[in-house]
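Labels run A, B, C and D following the written order; every chain starts at residue 1.
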Amino acid sequence: MSVTLEQAEKLSEAAKAKAKEIGVAMNIAIVDEGANLVSFHRMDNAWLGSVDISIKKAKTARFFDMNSGEIGKLSQPGGPLYNIEHSNGGLISFPGGVVLKEGDKIVGAIGVSGGSVEQDHEVASAGASAL
Amino acid sequence: MSVTLEQAEKLSEAAKAKAKEIGVAMNIAIVDEGANLVSFHRMDNAWLGSVDISIKKAKTARFFDMNSGEIGKLSQPGGPLYNIEHSNGGLISFPGGVVLKEGDKIVGAIGVSGGSVEQDHEVASAGASAL
Amino acid sequence: MSVTLEQAEKLSEAAKAKAKEIGVAMNIAIVDEGANLVSFHRMDNAWLGSVDISIKKAKTARFFDMNSGEIGKLSQPGGPLYNIEHSNGGLISFPGGVVLKEGDKIVGAIGVSGGSVEQDHEVASAGASAL
Amino acid sequence: MSVTLEQAEKLSEAAKAKAKEIGVAMNIAIVDEGANLVSFHRMDNAWLGSVDISIKKAKTARFFDMNSGEIGKLSQPGGPLYNIEHSNGGLISFPGGVVLKEGDKIVGAIGVSGGSVEQDHEVASAGASAL
(Lines give C-alpha, C1' and ligand atoms only; values in the text may rest on other atoms or scores of the structure.)
Protein backbone atom coordinates (compact mmCIF):
# COMPACT_ATOMS: atom_id res chain seq x y z
CA MET A 1 0.00 0.00 0.00
CA SER A 2 1.55 3.19 -1.19
CA VAL A 3 0.50 6.81 -1.64
CA THR A 4 -1.22 7.37 -5.01
CA LEU A 5 -0.74 10.37 -7.30
CA GLU A 6 -4.25 11.54 -6.47
CA GLN A 7 -3.43 11.45 -2.76
CA ALA A 8 -0.09 13.15 -3.35
CA GLU A 9 -1.77 15.99 -5.21
CA LYS A 10 -4.27 16.46 -2.39
CA LEU A 11 -1.45 16.54 0.17
CA SER A 12 0.55 18.99 -1.92
CA GLU A 13 -2.46 21.28 -2.16
CA ALA A 14 -2.86 21.21 1.62
CA ALA A 15 0.84 21.97 2.08
CA LYS A 16 0.67 24.77 -0.47
CA ALA A 17 -2.34 26.30 1.28
CA LYS A 18 -0.43 26.35 4.58
CA ALA A 19 2.62 27.85 2.83
CA LYS A 20 0.48 30.66 1.44
CA GLU A 21 -1.11 31.21 4.84
CA ILE A 22 2.28 31.76 6.46
CA GLY A 23 3.57 33.66 3.43
CA VAL A 24 6.55 31.51 2.39
CA ALA A 25 7.20 30.04 -1.08
CA MET A 26 7.96 26.35 -0.67
CA ASN A 27 9.25 23.31 -2.57
CA ILE A 28 7.06 20.27 -1.82
CA ALA A 29 8.10 16.69 -2.66
CA ILE A 30 6.27 13.42 -2.02
CA VAL A 31 7.75 9.92 -2.24
CA ASP A 32 6.01 6.56 -2.11
CA GLU A 33 6.52 3.46 0.01
CA GLY A 34 9.66 2.59 -1.99
CA ALA A 35 11.12 6.11 -1.51
CA ASN A 36 10.54 6.89 -5.21
CA LEU A 37 9.32 10.37 -6.20
CA VAL A 38 5.56 10.66 -6.84
CA SER A 39 5.09 14.43 -7.08
CA PHE A 40 6.97 17.69 -6.78
CA HIS A 41 5.86 21.32 -6.81
CA ARG A 42 7.96 24.47 -6.55
CA MET A 43 5.95 27.55 -5.72
CA ASP A 44 6.88 30.68 -7.69
CA ASN A 45 10.04 32.35 -6.36
CA ALA A 46 10.81 29.51 -3.94
CA TRP A 47 14.52 28.80 -3.39
CA LEU A 48 16.13 26.87 -6.22
CA GLY A 49 18.44 25.05 -3.82
CA SER A 50 15.41 23.64 -2.08
CA VAL A 51 14.37 21.48 -5.02
CA ASP A 52 17.00 18.94 -4.05
CA ILE A 53 16.58 19.49 -0.32
CA SER A 54 12.83 18.89 -0.32
CA ILE A 55 13.28 15.65 -2.29
CA LYS A 56 16.09 14.48 0.01
CA LYS A 57 13.99 15.31 3.10
CA ALA A 58 11.13 13.16 1.83
CA LYS A 59 13.51 10.31 1.02
CA THR A 60 15.28 10.62 4.37
CA ALA A 61 11.98 10.37 6.26
CA ARG A 62 10.98 7.22 4.37
CA PHE A 63 14.49 5.73 4.50
CA PHE A 64 14.32 5.61 8.30
CA ASP A 65 10.57 5.81 8.94
CA MET A 66 10.90 8.91 11.09
CA ASN A 67 10.72 12.64 10.54
CA SER A 68 13.96 14.01 9.07
CA GLY A 69 14.66 16.23 12.08
CA GLU A 70 14.86 13.16 14.33
CA ILE A 71 17.89 12.00 12.35
CA GLY A 72 19.53 15.39 12.83
CA LYS A 73 19.23 15.14 16.61
CA LEU A 74 21.28 11.94 16.47
CA SER A 75 23.83 12.99 13.83
CA GLN A 76 25.49 15.92 15.62
CA PRO A 77 29.22 15.80 16.42
CA GLY A 78 29.58 13.29 19.24
CA GLY A 79 26.13 11.84 18.57
CA PRO A 80 25.47 8.19 17.70
CA LEU A 81 24.73 8.80 14.00
CA TYR A 82 27.37 11.47 13.32
CA ASN A 83 27.85 11.95 9.56
CA ILE A 84 25.05 9.56 8.53
CA GLU A 85 24.33 12.22 5.88
CA HIS A 86 27.10 10.69 3.74
CA SER A 87 24.91 7.67 3.01
CA ASN A 88 22.29 7.11 0.33
CA GLY A 89 23.66 9.76 -2.01
CA GLY A 90 23.15 12.45 0.61
CA LEU A 91 20.54 12.79 3.36
CA ILE A 92 18.94 15.95 4.73
CA SER A 93 18.63 15.58 8.46
CA PHE A 94 16.93 18.75 9.61
CA PRO A 95 13.15 19.23 9.95
CA GLY A 96 10.80 19.31 6.97
CA GLY A 97 10.59 15.61 6.10
CA VAL A 98 7.49 13.91 7.57
CA VAL A 99 6.32 10.31 7.18
CA LEU A 100 2.90 9.62 5.66
CA LYS A 101 0.75 7.11 7.52
CA GLU A 102 -2.50 5.35 6.80
CA GLY A 103 -3.35 3.98 10.23
CA ASP A 104 -0.17 2.23 11.35
CA LYS A 105 1.19 1.69 7.85
CA ILE A 106 3.82 4.06 6.42
CA VAL A 107 2.87 4.70 2.79
CA GLY A 108 5.44 7.35 1.86
CA ALA A 109 6.79 10.70 3.03
CA ILE A 110 6.57 14.42 2.30
CA GLY A 111 9.53 16.83 2.22
CA VAL A 112 9.26 20.61 2.32
CA SER A 113 11.99 23.24 1.95
CA GLY A 114 11.93 26.98 1.39
CA GLY A 115 11.66 28.70 4.76
CA SER A 116 12.98 28.23 8.27
CA VAL A 117 13.08 24.60 9.41
CA GLU A 118 10.14 25.35 11.71
CA GLN A 119 8.15 26.65 8.76
CA ASP A 120 9.22 23.72 6.59
CA HIS A 121 8.06 21.27 9.24
CA GLU A 122 4.78 23.12 9.74
CA VAL A 123 4.00 22.99 6.02
CA ALA A 124 5.05 19.34 5.69
CA SER A 125 2.87 18.43 8.68
CA ALA A 126 -0.10 20.25 7.16
CA GLY A 127 0.41 18.16 4.03
CA ALA A 128 0.79 14.91 5.95
CA SER A 129 -2.36 15.58 7.98
CA ALA A 130 -4.44 15.80 4.80
CA LEU A 131 -3.95 12.08 4.12
CA MET B 1 9.79 35.34 -18.10
CA SER B 2 9.46 31.77 -16.94
CA VAL B 3 6.78 29.14 -16.63
CA THR B 4 4.87 29.55 -13.35
CA LEU B 5 3.70 26.72 -11.10
CA GLU B 6 0.13 27.48 -12.09
CA GLN B 7 1.04 27.11 -15.77
CA ALA B 8 3.08 23.98 -15.05
CA GLU B 9 0.11 22.37 -13.34
CA LYS B 10 -2.13 23.22 -16.28
CA LEU B 11 0.40 21.72 -18.70
CA SER B 12 0.79 18.61 -16.57
CA GLU B 13 -2.98 18.16 -16.51
CA ALA B 14 -3.09 18.39 -20.30
CA ALA B 15 -0.25 15.89 -20.61
CA LYS B 16 -1.93 13.55 -18.13
CA ALA B 17 -5.21 13.74 -20.06
CA LYS B 18 -3.39 12.74 -23.26
CA ALA B 19 -1.59 9.92 -21.42
CA LYS B 20 -4.92 8.57 -20.19
CA GLU B 21 -6.40 8.90 -23.66
CA ILE B 22 -3.65 6.72 -25.15
CA GLY B 23 -3.64 4.41 -22.12
CA VAL B 24 -0.05 4.78 -20.90
CA ALA B 25 1.03 5.71 -17.34
CA MET B 26 3.56 8.52 -17.63
CA ASN B 27 6.10 10.50 -15.61
CA ILE B 28 5.76 14.22 -16.38
CA ALA B 29 8.41 16.82 -15.43
CA ILE B 30 8.47 20.55 -16.09
CA VAL B 31 11.49 22.84 -15.72
CA ASP B 32 11.64 26.61 -15.86
CA GLU B 33 13.77 29.11 -17.79
CA GLY B 34 16.75 28.26 -15.55
CA ALA B 35 16.35 24.48 -16.20
CA ASN B 36 15.28 24.01 -12.57
CA LEU B 37 12.42 21.64 -11.70
CA VAL B 38 9.01 23.29 -11.26
CA SER B 39 6.71 20.28 -11.11
CA PHE B 40 6.74 16.51 -11.39
CA HIS B 41 3.97 13.91 -11.45
CA ARG B 42 4.25 10.12 -11.66
CA MET B 43 0.99 8.48 -12.66
CA ASP B 44 0.14 5.33 -10.70
CA ASN B 45 2.11 2.30 -11.92
CA ALA B 46 4.28 4.35 -14.29
CA TRP B 47 7.86 3.08 -14.66
CA LEU B 48 10.09 3.92 -11.71
CA GLY B 49 13.10 4.39 -13.98
CA SER B 50 11.26 7.13 -15.82
CA VAL B 51 11.28 9.51 -12.85
CA ASP B 52 14.88 10.37 -13.62
CA ILE B 53 14.46 10.13 -17.39
CA SER B 54 11.52 12.53 -17.58
CA ILE B 55 13.39 15.11 -15.50
CA LYS B 56 16.54 14.69 -17.62
CA LYS B 57 14.51 15.04 -20.84
CA ALA B 58 13.04 18.34 -19.66
CA LYS B 59 16.47 19.62 -18.62
CA THR B 60 18.07 18.46 -21.88
CA ALA B 61 15.47 20.33 -23.93
CA ARG B 62 16.02 23.57 -22.00
CA PHE B 63 19.82 23.11 -21.82
CA PHE B 64 20.00 23.32 -25.62
CA ASP B 65 16.68 24.99 -26.48
CA MET B 66 15.58 22.17 -28.74
CA ASN B 67 13.53 19.04 -28.31
CA SER B 68 15.51 16.22 -26.71
CA GLY B 69 15.26 14.00 -29.78
CA GLU B 70 17.14 16.60 -31.86
CA ILE B 71 20.18 16.11 -29.65
CA GLY B 72 19.98 12.37 -30.24
CA LYS B 73 20.21 12.83 -33.98
CA LEU B 74 23.53 14.62 -33.49
CA SER B 75 24.98 12.35 -30.79
CA GLN B 76 25.16 9.09 -32.72
CA PRO B 77 28.54 7.43 -33.30
CA GLY B 78 30.40 9.55 -35.85
CA GLY B 79 28.03 12.47 -35.29
CA PRO B 80 29.14 15.94 -34.22
CA LEU B 81 27.86 15.63 -30.63
CA TYR B 82 28.84 12.01 -30.05
CA ASN B 83 28.47 11.14 -26.34
CA ILE B 84 27.25 14.57 -25.26
CA GLU B 85 25.11 12.53 -22.84
CA HIS B 86 28.10 12.43 -20.48
CA SER B 87 27.70 16.13 -19.71
CA ASN B 88 25.51 17.85 -17.13
CA GLY B 89 25.19 14.86 -14.88
CA GLY B 90 23.62 12.84 -17.70
CA LEU B 91 21.43 13.90 -20.60
CA ILE B 92 18.58 12.00 -22.23
CA SER B 93 18.74 12.55 -25.96
CA PHE B 94 15.73 10.68 -27.29
CA PRO B 95 12.25 12.12 -27.84
CA GLY B 96 9.98 13.17 -24.97
CA GLY B 97 11.60 16.49 -24.01
CA VAL B 98 9.88 19.50 -25.57
CA VAL B 99 10.64 23.22 -25.16
CA LEU B 100 7.93 25.51 -23.81
CA LYS B 101 7.39 28.75 -25.73
CA GLU B 102 5.39 31.89 -25.17
CA GLY B 103 5.55 33.48 -28.60
CA ASP B 104 9.24 33.37 -29.51
CA LYS B 105 10.47 33.20 -25.94
CA ILE B 106 11.49 29.86 -24.41
CA VAL B 107 10.15 29.79 -20.85
CA GLY B 108 11.01 26.21 -19.86
CA ALA B 109 10.60 22.64 -21.03
CA ILE B 110 8.51 19.53 -20.40
CA GLY B 111 9.85 15.98 -20.23
CA VAL B 112 7.72 12.84 -20.44
CA SER B 113 8.72 9.18 -20.00
CA GLY B 114 6.76 5.97 -19.56
CA GLY B 115 5.89 4.65 -23.02
CA SER B 116 7.49 4.40 -26.44
CA VAL B 117 9.43 7.49 -27.48
CA GLU B 118 6.64 8.33 -29.90
CA GLN B 119 4.09 8.19 -27.08
CA ASP B 120 6.36 10.17 -24.80
CA HIS B 121 6.75 12.88 -27.43
CA GLU B 122 3.01 12.94 -28.11
CA VAL B 123 2.19 13.43 -24.45
CA ALA B 124 4.92 16.06 -23.99
CA SER B 125 3.65 17.94 -27.04
CA ALA B 126 0.09 17.85 -25.71
CA GLY B 127 1.41 19.40 -22.52
CA ALA B 128 3.48 22.03 -24.32
CA SER B 129 0.53 23.02 -26.51
CA ALA B 130 -1.55 23.86 -23.45
CA LEU B 131 0.67 26.85 -22.65
CA MET C 1 2.83 -6.73 -2.59
CA SER C 2 6.57 -7.17 -2.77
CA VAL C 3 9.04 -10.04 -2.69
CA THR C 4 9.92 -11.03 0.91
CA LEU C 5 13.38 -11.97 2.18
CA GLU C 6 12.25 -15.55 2.54
CA GLN C 7 11.17 -15.62 -1.09
CA ALA C 8 14.35 -13.89 -2.18
CA GLU C 9 16.46 -16.51 -0.44
CA LYS C 10 14.52 -19.30 -2.12
CA LEU C 11 14.99 -17.66 -5.52
CA SER C 12 18.69 -17.12 -4.90
CA GLU C 13 19.07 -20.79 -3.99
CA ALA C 14 17.38 -21.82 -7.23
CA ALA C 15 19.61 -19.47 -9.21
CA LYS C 16 22.70 -20.76 -7.42
CA ALA C 17 21.73 -24.36 -8.15
CA LYS C 18 21.45 -23.54 -11.86
CA ALA C 19 24.79 -21.69 -11.77
CA LYS C 20 26.46 -24.74 -10.25
CA GLU C 21 24.81 -27.00 -12.79
CA ILE C 22 26.29 -25.01 -15.68
CA GLY C 23 29.57 -24.50 -13.84
CA VAL C 24 29.75 -20.70 -13.61
CA ALA C 25 30.26 -18.62 -10.44
CA MET C 26 27.60 -15.93 -10.35
CA ASN C 27 26.59 -12.74 -8.55
CA ILE C 28 22.86 -12.82 -7.75
CA ALA C 29 20.88 -9.71 -6.68
CA ILE C 30 17.17 -9.35 -5.89
CA VAL C 31 15.27 -6.08 -5.56
CA ASP C 32 11.73 -5.48 -4.33
CA GLU C 33 8.75 -3.67 -5.80
CA GLY C 34 10.37 -0.32 -5.04
CA ALA C 35 13.66 -1.34 -6.74
CA ASN C 36 15.41 -1.50 -3.35
CA LEU C 37 17.90 -4.32 -2.68
CA VAL C 38 16.54 -7.30 -0.73
CA SER C 39 19.34 -9.85 -1.08
CA PHE C 40 22.69 -10.37 -2.74
CA HIS C 41 25.00 -13.38 -3.02
CA ARG C 42 28.40 -13.63 -4.70
CA MET C 43 29.50 -17.20 -5.29
CA ASP C 44 33.16 -17.93 -4.50
CA ASN C 45 35.50 -16.69 -7.24
CA ALA C 46 32.72 -14.92 -9.14
CA TRP C 47 33.79 -11.71 -10.93
CA LEU C 48 34.15 -8.75 -8.61
CA GLY C 49 32.94 -6.34 -11.29
CA SER C 50 29.69 -8.24 -11.41
CA VAL C 51 28.62 -7.18 -7.93
CA ASP C 52 27.55 -3.81 -9.30
CA ILE C 53 26.35 -5.22 -12.61
CA SER C 54 24.02 -7.79 -11.05
CA ILE C 55 22.48 -5.14 -8.79
CA LYS C 56 22.07 -2.72 -11.71
CA LYS C 57 20.50 -5.47 -13.85
CA ALA C 58 17.90 -6.17 -11.19
CA LYS C 59 17.14 -2.47 -10.79
CA THR C 60 16.97 -1.93 -14.56
CA ALA C 61 14.43 -4.75 -14.93
CA ARG C 62 12.19 -3.28 -12.21
CA PHE C 63 12.71 0.30 -13.38
CA PHE C 64 11.07 -0.52 -16.71
CA ASP C 65 9.13 -3.70 -15.89
CA MET C 66 10.88 -5.71 -18.58
CA ASN C 67 13.95 -7.93 -18.76
CA SER C 68 17.18 -5.93 -18.96
CA GLY C 69 18.09 -7.30 -22.39
CA GLU C 70 14.93 -5.77 -23.87
CA ILE C 71 16.27 -2.33 -23.02
CA GLY C 72 19.54 -3.14 -24.78
CA LYS C 73 17.75 -3.99 -28.01
CA LEU C 74 16.31 -0.46 -28.01
CA SER C 75 19.40 1.43 -26.84
CA GLN C 76 21.82 0.64 -29.68
CA PRO C 77 23.23 3.47 -31.81
CA GLY C 78 20.37 4.67 -33.97
CA GLY C 79 17.80 2.96 -31.76
CA PRO C 80 14.97 4.76 -29.98
CA LEU C 81 16.51 4.58 -26.48
CA TYR C 82 20.16 5.21 -27.43
CA ASN C 83 22.21 6.07 -24.32
CA ILE C 84 19.36 5.49 -21.84
CA GLU C 85 22.10 3.89 -19.71
CA HIS C 86 23.10 7.38 -18.54
CA SER C 87 19.93 7.61 -16.44
CA ASN C 88 19.24 6.44 -12.90
CA GLY C 89 22.87 6.41 -11.85
CA GLY C 90 23.71 3.88 -14.56
CA LEU C 91 21.66 1.10 -16.09
CA ILE C 92 22.80 -2.30 -17.35
CA SER C 93 20.93 -3.08 -20.53
CA PHE C 94 22.12 -6.52 -21.55
CA PRO C 95 20.52 -9.82 -20.50
CA GLY C 96 20.57 -11.10 -16.92
CA GLY C 97 17.91 -8.92 -15.32
CA VAL C 98 14.49 -10.61 -15.09
CA VAL C 99 11.25 -9.31 -13.57
CA LEU C 100 9.62 -11.27 -10.76
CA LYS C 101 5.89 -11.86 -11.09
CA GLU C 102 3.19 -13.21 -8.84
CA GLY C 103 0.38 -13.76 -11.32
CA ASP C 104 0.16 -10.46 -13.21
CA LYS C 105 1.74 -8.38 -10.46
CA ILE C 106 5.42 -7.42 -10.66
CA VAL C 107 6.85 -7.82 -7.16
CA GLY C 108 10.55 -7.19 -7.85
CA ALA C 109 13.38 -8.35 -10.11
CA ILE C 110 16.46 -10.57 -10.10
CA GLY C 111 19.81 -9.65 -11.65
CA VAL C 112 22.60 -12.13 -12.40
CA SER C 113 26.14 -11.48 -13.64
CA GLY C 114 29.26 -13.64 -13.87
CA GLY C 115 29.16 -15.53 -17.17
CA SER C 116 28.09 -14.92 -20.74
CA VAL C 117 24.88 -12.94 -21.06
CA GLU C 118 23.12 -16.13 -22.15
CA GLN C 119 24.30 -17.87 -18.98
CA ASP C 120 23.37 -14.86 -16.85
CA HIS C 121 19.87 -14.86 -18.32
CA GLU C 122 19.50 -18.61 -17.86
CA VAL C 123 20.44 -18.41 -14.20
CA ALA C 124 18.25 -15.35 -13.57
CA SER C 125 15.31 -17.12 -15.23
CA ALA C 126 15.85 -20.21 -13.09
CA GLY C 127 15.68 -17.96 -10.05
CA ALA C 128 12.59 -16.11 -11.26
CA SER C 129 10.78 -19.38 -12.02
CA ALA C 130 11.16 -20.49 -8.41
CA LEU C 131 8.76 -17.77 -7.21
CA MET D 1 42.23 -16.32 2.81
CA SER D 2 38.85 -14.70 2.62
CA VAL D 3 35.34 -15.30 3.91
CA THR D 4 33.46 -17.70 1.60
CA LEU D 5 29.81 -17.39 0.58
CA GLU D 6 29.02 -20.42 2.71
CA GLN D 7 30.59 -18.76 5.73
CA ALA D 8 28.88 -15.46 4.95
CA GLU D 9 25.51 -17.18 4.86
CA LYS D 10 26.19 -18.83 8.22
CA LEU D 11 27.21 -15.49 9.71
CA SER D 12 24.14 -13.78 8.27
CA GLU D 13 21.92 -16.45 9.77
CA ALA D 14 23.50 -15.91 13.18
CA ALA D 15 23.06 -12.16 12.87
CA LYS D 16 19.46 -12.60 11.75
CA ALA D 17 18.74 -14.87 14.71
CA LYS D 18 20.07 -12.22 17.09
CA ALA D 19 18.05 -9.51 15.31
CA LYS D 20 14.88 -11.56 15.75
CA GLU D 21 15.75 -12.22 19.38
CA ILE D 22 15.97 -8.49 20.12
CA GLY D 23 13.02 -7.73 17.84
CA VAL D 24 14.59 -5.40 15.29
CA ALA D 25 14.48 -5.81 11.48
CA MET D 26 18.03 -5.44 10.19
CA ASN D 27 20.05 -5.03 7.00
CA ILE D 28 23.08 -7.33 7.07
CA ALA D 29 26.04 -6.99 4.68
CA ILE D 30 29.25 -9.01 4.50
CA VAL D 31 32.37 -8.07 2.54
CA ASP D 32 35.45 -10.15 1.85
CA GLU D 33 39.19 -9.57 2.26
CA GLY D 34 39.11 -7.21 -0.74
CA ALA D 35 36.24 -5.16 0.77
CA ASN D 36 33.94 -6.43 -1.99
CA LEU D 37 30.36 -7.45 -1.20
CA VAL D 38 29.78 -11.18 -0.61
CA SER D 39 26.26 -11.23 0.74
CA PHE D 40 23.44 -8.93 1.74
CA HIS D 41 20.07 -9.53 3.39
CA ARG D 42 17.33 -7.04 4.23
CA MET D 43 14.83 -8.41 6.71
CA ASP D 44 11.18 -7.61 5.92
CA ASN D 45 10.26 -4.03 6.87
CA ALA D 46 13.85 -3.08 7.75
CA TRP D 47 14.76 0.55 6.97
CA LEU D 48 15.37 1.19 3.28
CA GLY D 49 18.09 3.74 4.07
CA SER D 50 20.03 1.04 5.88
CA VAL D 51 20.76 -0.94 2.72
CA ASP D 52 23.50 1.51 1.86
CA ILE D 53 24.55 2.09 5.47
CA SER D 54 25.05 -1.60 6.29
CA ILE D 55 27.19 -2.06 3.17
CA LYS D 56 29.22 1.08 3.96
CA LYS D 57 29.74 -0.08 7.56
CA ALA D 58 31.14 -3.41 6.40
CA LYS D 59 33.43 -1.69 3.89
CA THR D 60 34.56 0.91 6.44
CA ALA D 61 35.53 -1.83 8.91
CA ARG D 62 37.58 -3.69 6.30
CA PHE D 63 39.03 -0.51 4.78
CA PHE D 64 40.75 0.28 8.08
CA ASP D 65 40.75 -3.13 9.80
CA MET D 66 38.88 -1.85 12.82
CA ASN D 67 35.25 -1.70 13.87
CA SER D 68 33.42 1.19 12.23
CA GLY D 69 32.74 2.92 15.54
CA GLU D 70 36.48 3.27 16.18
CA ILE D 71 36.75 5.50 13.10
CA GLY D 72 33.95 7.67 14.45
CA LYS D 73 35.88 8.34 17.66
CA LEU D 74 38.71 9.77 15.57
CA SER D 75 36.60 11.70 13.04
CA GLN D 76 34.89 14.16 15.37
CA PRO D 77 35.47 17.91 14.92
CA GLY D 78 39.04 18.62 16.06
CA GLY D 79 39.95 14.93 15.88
CA PRO D 80 42.78 13.53 13.78
CA LEU D 81 40.53 11.98 11.11
CA TYR D 82 37.95 14.77 10.96
CA ASN D 83 35.67 14.25 7.93
CA ILE D 84 37.34 11.04 6.73
CA GLU D 85 33.76 10.08 5.80
CA HIS D 86 34.25 12.02 2.55
CA SER D 87 36.63 9.35 1.25
CA ASN D 88 35.91 6.11 -0.58
CA GLY D 89 32.55 7.19 -1.87
CA GLY D 90 31.29 7.73 1.67
CA LEU D 91 32.16 5.96 4.92
CA ILE D 92 29.90 5.18 7.86
CA SER D 93 31.83 5.74 11.05
CA PHE D 94 29.41 4.76 13.78
CA PRO D 95 29.04 1.30 15.34
CA GLY D 96 27.66 -1.68 13.42
CA GLY D 97 30.67 -2.57 11.26
CA VAL D 98 32.78 -5.39 12.71
CA VAL D 99 35.88 -7.07 11.30
CA LEU D 100 35.82 -10.80 10.66
CA LYS D 101 38.84 -12.75 11.95
CA GLU D 102 40.09 -16.28 11.56
CA GLY D 103 42.73 -16.41 14.28
CA ASP D 104 44.81 -13.28 13.71
CA LYS D 105 43.91 -12.93 10.04
CA ILE D 106 41.21 -10.47 8.95
CA VAL D 107 39.12 -12.19 6.29
CA GLY D 108 36.37 -9.60 5.77
CA ALA D 109 33.82 -7.58 7.70
CA ILE D 110 30.13 -7.52 8.57
CA GLY D 111 27.95 -4.40 8.63
CA VAL D 112 24.53 -4.16 10.26
CA SER D 113 22.00 -1.31 10.22
CA GLY D 114 18.36 -1.05 11.22
CA GLY D 115 18.22 -0.25 14.93
CA SER D 116 20.14 1.84 17.46
CA VAL D 117 23.91 1.75 17.02
CA GLU D 118 24.12 -0.44 20.11
CA GLN D 119 21.67 -2.90 18.58
CA ASP D 120 23.46 -2.77 15.23
CA HIS D 121 26.78 -3.54 16.93
CA GLU D 122 25.26 -6.35 18.98
CA VAL D 123 23.83 -8.03 15.88
CA ALA D 124 27.03 -7.54 13.88
CA SER D 125 29.05 -9.02 16.74
CA ALA D 126 26.72 -12.02 16.93
CA GLY D 127 27.35 -12.56 13.23
CA ALA D 128 31.12 -12.14 13.54
CA SER D 129 31.29 -14.58 16.45
CA ALA D 130 29.75 -17.33 14.33
CA LEU D 131 32.87 -17.51 12.14
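General observations
Convention: a contact is a pair of C-beta atoms (placed from the backbone, for glycine too) under 8 Å apart; a residue touches a chain by one contact, two chains touch by 3 or more.
Just so it is clear, the structure is predicted and the values come from calculations on it, not from any experiment.
The rotation that brings the Cα trace of subunit A onto that of subunit D spans 90°, given to the nearest 5.
A straight line joining the Cα centres of subunit B and subunit C is 29 Å long. A separation of 31 Å divides the Cα centre of subunit A from that of subunit C.
Subunit B and subunit D have centres, each the mean of its CA atoms, that are 42 Å apart.
Each of residues 34-36 in subunit A touches at least two other chains.
Because contacts link the chains in a way that matches no line, ring, star or complete pattern, their graph is best described as other.
Across the whole structure, chains are in contact as follows: A-B, A-C, A-D, B-C, C-D.
Against subunit A, in their complex, subunit D makes its touches with residues 47-50, 52-53, 56, 72, 75-77, 83, 85-86, 90-95, 116-117. The touching residues of subunit A, when paired with subunit C in their complex, are 32-36. Put simply, subunit D touches subunit C in their complex at residues 4-6, 9, 34, 36-44, 48, 51. Across the interface of their complex, subunit D is touched by residues 34-35, 59-60, 62-65, 77-78, 80-84, 86-89, 91 of subunit A.
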